[in-house]
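Next come two complexes built around chain A: one with chain B, the other with chain C.
Then we have the complex of A and B:
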């Protein structure tokens, strides 16, 4: 993790921009994006035992927020500022006048950095809210039922969101997609680098948020939910409510990845947000690294992202050895690795450690003699006494 | 009146029914939703394709072959992955993720298989239709009769097996309570193996009949999984008879409701066809998560008068 962040920051330095290593920036960017998704997944599945198979939905909601809501606000602000924008209110004109409008807005952002960053923050804020709302809506049908029902619902909804995006032109330009103004247009150097650094920073912030939450009493509540929900319900906790809150919170964080992807590619098209890419690969990262700890998630994300980007970038060199498209090779690696890791390393590369709670000394607790109310178990007392006498 | 759309809907519904039965059987014995179930159907599709376009044999002759290949794939999947993971003590969530991984793996294998034809035999294999291999009775395509007869025969055999044979009763016992069944001397492993054999075979059989009427591609199998799950869930997810009804209802409504929507609202409605099984899925979960099975049980409970419990005589118990 630290090496990746260091690489991202190093490559953002002016010296590094000259001899730019595209591959490093690319890997850092996608590491930043997917580590957010994988961490949120670890928060849900690894710690609370909620199998969220709908990461793609939350990511697509982030992207649609940028293309459907923030893009219009950008146009409105730019038009109010006196830029000669074409009409964009009609779904047809929304796509038709999009490239020229975006070019004008890019010019505005190049001169006004504060406005551009304001729009970045605005889109992040709206995306988090929309993601949480999606989490709430997704939780409605199946959160009370067995975990497998939730998986079924979430997997199918990922396709539904793509269908809506494809057919409702106002959301993301239908099949054609829409261009997004570049909020980093004010940056003089390489724009990919600054996007990667911002994404990694967002990943770092969400890492600290998740870590704080996991080390808090709420984190212990989540782990107890994972281990035994019946016990948790019997001590008076609202299991359904806790589960819904976790799903909503993690959905909000996952939507950030969609926003940053939209700003990195500067283009939103529903076909970029397939279930396979945004749900299955993060799951592989989680299972490979080890569910239940963030270090494992980072390791898994680093390995998987590096592997995938290398395959994609050296696609044409690899293609010579195969008669089929390399993307199916990726599928085979994904499916095969997932099964192999589950069979041969069920706890992942870095297994989960005991929870550290500040102020509690586990070693001392183990050494202490546990006081038991023997009245409740008279038989046990007899054997206990016998054993003591034998020892004497 | 043109009844073609009805024939088409019934053909699709019969195929979906076979798939839903298989999905439910896996859920009954293994307690996991098998996401790779649709991909087995993809193997059936390619059995038909290979026979028709490569060996120039009537693909109807390949239906038994499809059953054997599907059950073989399913048994390999069970033995290599599911059985191993179960022995390791993995929970249902891990097993479900494993089936997803298998779905991705098998889907890739199907795609690669189709590219063998493209690369070595220069023959288009990624989207095809086998309508010209079909026979006709009057105006109606033969697949309508074949799929309907096969699904009815399968339902009858399944009913006989589940109620009369030792293996079927063992399967029902395993579905009720796995540990209790093993205490009674039922070999759980062989029951599981048999159910995976049956589900794989049925799915592949249904898949082999899909390209006679519907355009097929390597992803057809994994795309149909939503409808299969909706059918199984509508039936209650733990009742084979519910799955028979549920799969048929979902298959019919997927085509007929799309048509109705297109007539009522315009052609754009056709794009939303995949949403219809999703709508059923979410509606079932919101209204009655146990599906038709739950409705049936509630109805029976309401019909039968509650028997008042006699208070137990405590004195006798003490003696």
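Then we have the complex of A and C:
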């Protein structure tokens, strides 16, 4: 009954995805994608002080996972299911038979939603693993060096990954790119809106994962690493190991953005994963909002994404107010906002606050007059009970 | 897997409706998700800042 009532109300409304609603869906989609990247960056730089200037690497790994690995698995499953696919085994045929093969796989996904969603989950799983592996490999040469060298390595690898994609045609079709089957082909309506919902859901899940980690003792360890790694090393913590783990974890999450972008545009080409877009824009979001807190990251992402999409979509209307081509406006805003924020609000629009640990009073704990709200701090309770037992 | 089958079944049951209505449902779900995230974060931020202010007075709870 309630379903019928809800459908009745909804059917009386105009069709959603028209005109300005298309812009809203587009902004929501790119907000979802970039907020995942910006949150991962906040996790690395804002909380652990690791300046990851290679977010584009992890995003491109996600996209390449779809085009280089999952696409082949899709073809194999479709061929095993009896679809008459053209040969895709050598790199030349992989590109030139790609459109017709993808069309056939789309037909399969249109009739089998479970299979299609299974491939989406498989893509996400493989991308997270590949992203983490990339993080590990990136950490090997540079993690022991100072932050500046790590930044240089990561910037270089971001460009190198595009060069690999351009020259090894089996990964993403070289300069031509490859089409990706539509995993939402079973959905009868607008594909953009369903992809945006899934991306925002993934963004929400990522947010809760990062939030849980940052509120845990590991989060406090990360902050101490950012503040003074020498002190941390002096108390016996493995600084290199912690940095490597953080880089691996955040790289895995960032790769999700690459997967969802590939499924949104249904096409992967290395030229879509430029450093400026997938590294510098997330950095601007982080610096604008304020590093070290999720609220700042969200605010920065919302402002930058909305600004960017509005410029792109209303470029003809905006053009009359400027004497230079409006396509330069994006870059001017990127540079200009960064300079303005660094001059007037160096800690961002929402500055980082002190860490609040509910129920724990360190000053009194030292004097052993502790009154802790144990429900709010279960971990502290365990430690405290252990200490008491040791004393007995 | 069961969840996906359930989702597919629900979509099939509502299958008499047109695609526009699916779009409407998802569009408003998208807006809700888009609103829920920042509202939750802002709420949490305000709560923590308030707790910090109180903790400052009693010199407890900060690190």
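Just a few scattered comments:
Following the convention adopted for this analysis, the second predicted complex is superposed on the first by the 333 of 392 C-alpha atoms of A that agree within 3 Å, B and C clash if a C-alpha of one lies under 4 Å from a C-alpha of the other, contacts with A are read in each partner's own complex, and residues count from 1 in each chain.
Methods note: a residue touches a chain if its C-beta (ideal position, glycine included) is under 8 Å from a C-beta of that chain, and two chains touch if they have at least 3 such contacts.
Bear in mind the structure is a predicted one, so any value in this text is a computation, not a measurement.
After overlaying the two complexes on the shared chain, residue contacts for A:108 are found with neither chain B nor chain C. Contact with neither chain B nor chain C is seen for A:154 once the two complexes are overlaid on the shared chain. Of the two partner chains placed by the overlay, only chain C lies in contact with A:117; chain B stays clear of it. More residues of chain A lie in touch with C than with the remaining chain of the pair chain B and chain C.
Looking at the complex, you find that chain C touches chain A at residues 1, 4-5, 7-8, 11, 13-14, 17-31, 33-34, 36-38, 41-42, 44-45, 48-49, 51-52, 55, 58-63. Across the interface of their complex, chain A is touched by residues 32-33, 35, 81, 84-85, 88, 90, 92-94, 96-98, 100-109, 111-112, 115-116, 119-120, 226, 229, 233, 268, 271-272, 274-275, 277-278, 281-282, 285-286, 289 of chain B.
Interface residues of chain A, counted against chain B in their complex, comprise 45, 49, 51, 53, 140-142, 145, 147-149, 151-153, 155-157, 159-160, 163, 166-167, 276, 280, 283, 287, 323-325, 328-329, 331-332, 334-336, 338-339, 342-343, 346.
Residues 3, 6-7, 10-11, 13, 15-17, 21, 24-25, 28, 31, 113-114, 117-118, 186-190, 193-194, 196-197, 200-201, 203-204, 207, 220, 293-295, 298-299, 302, 350, 353-364 of chain A are the ones touching chain C in the complex.
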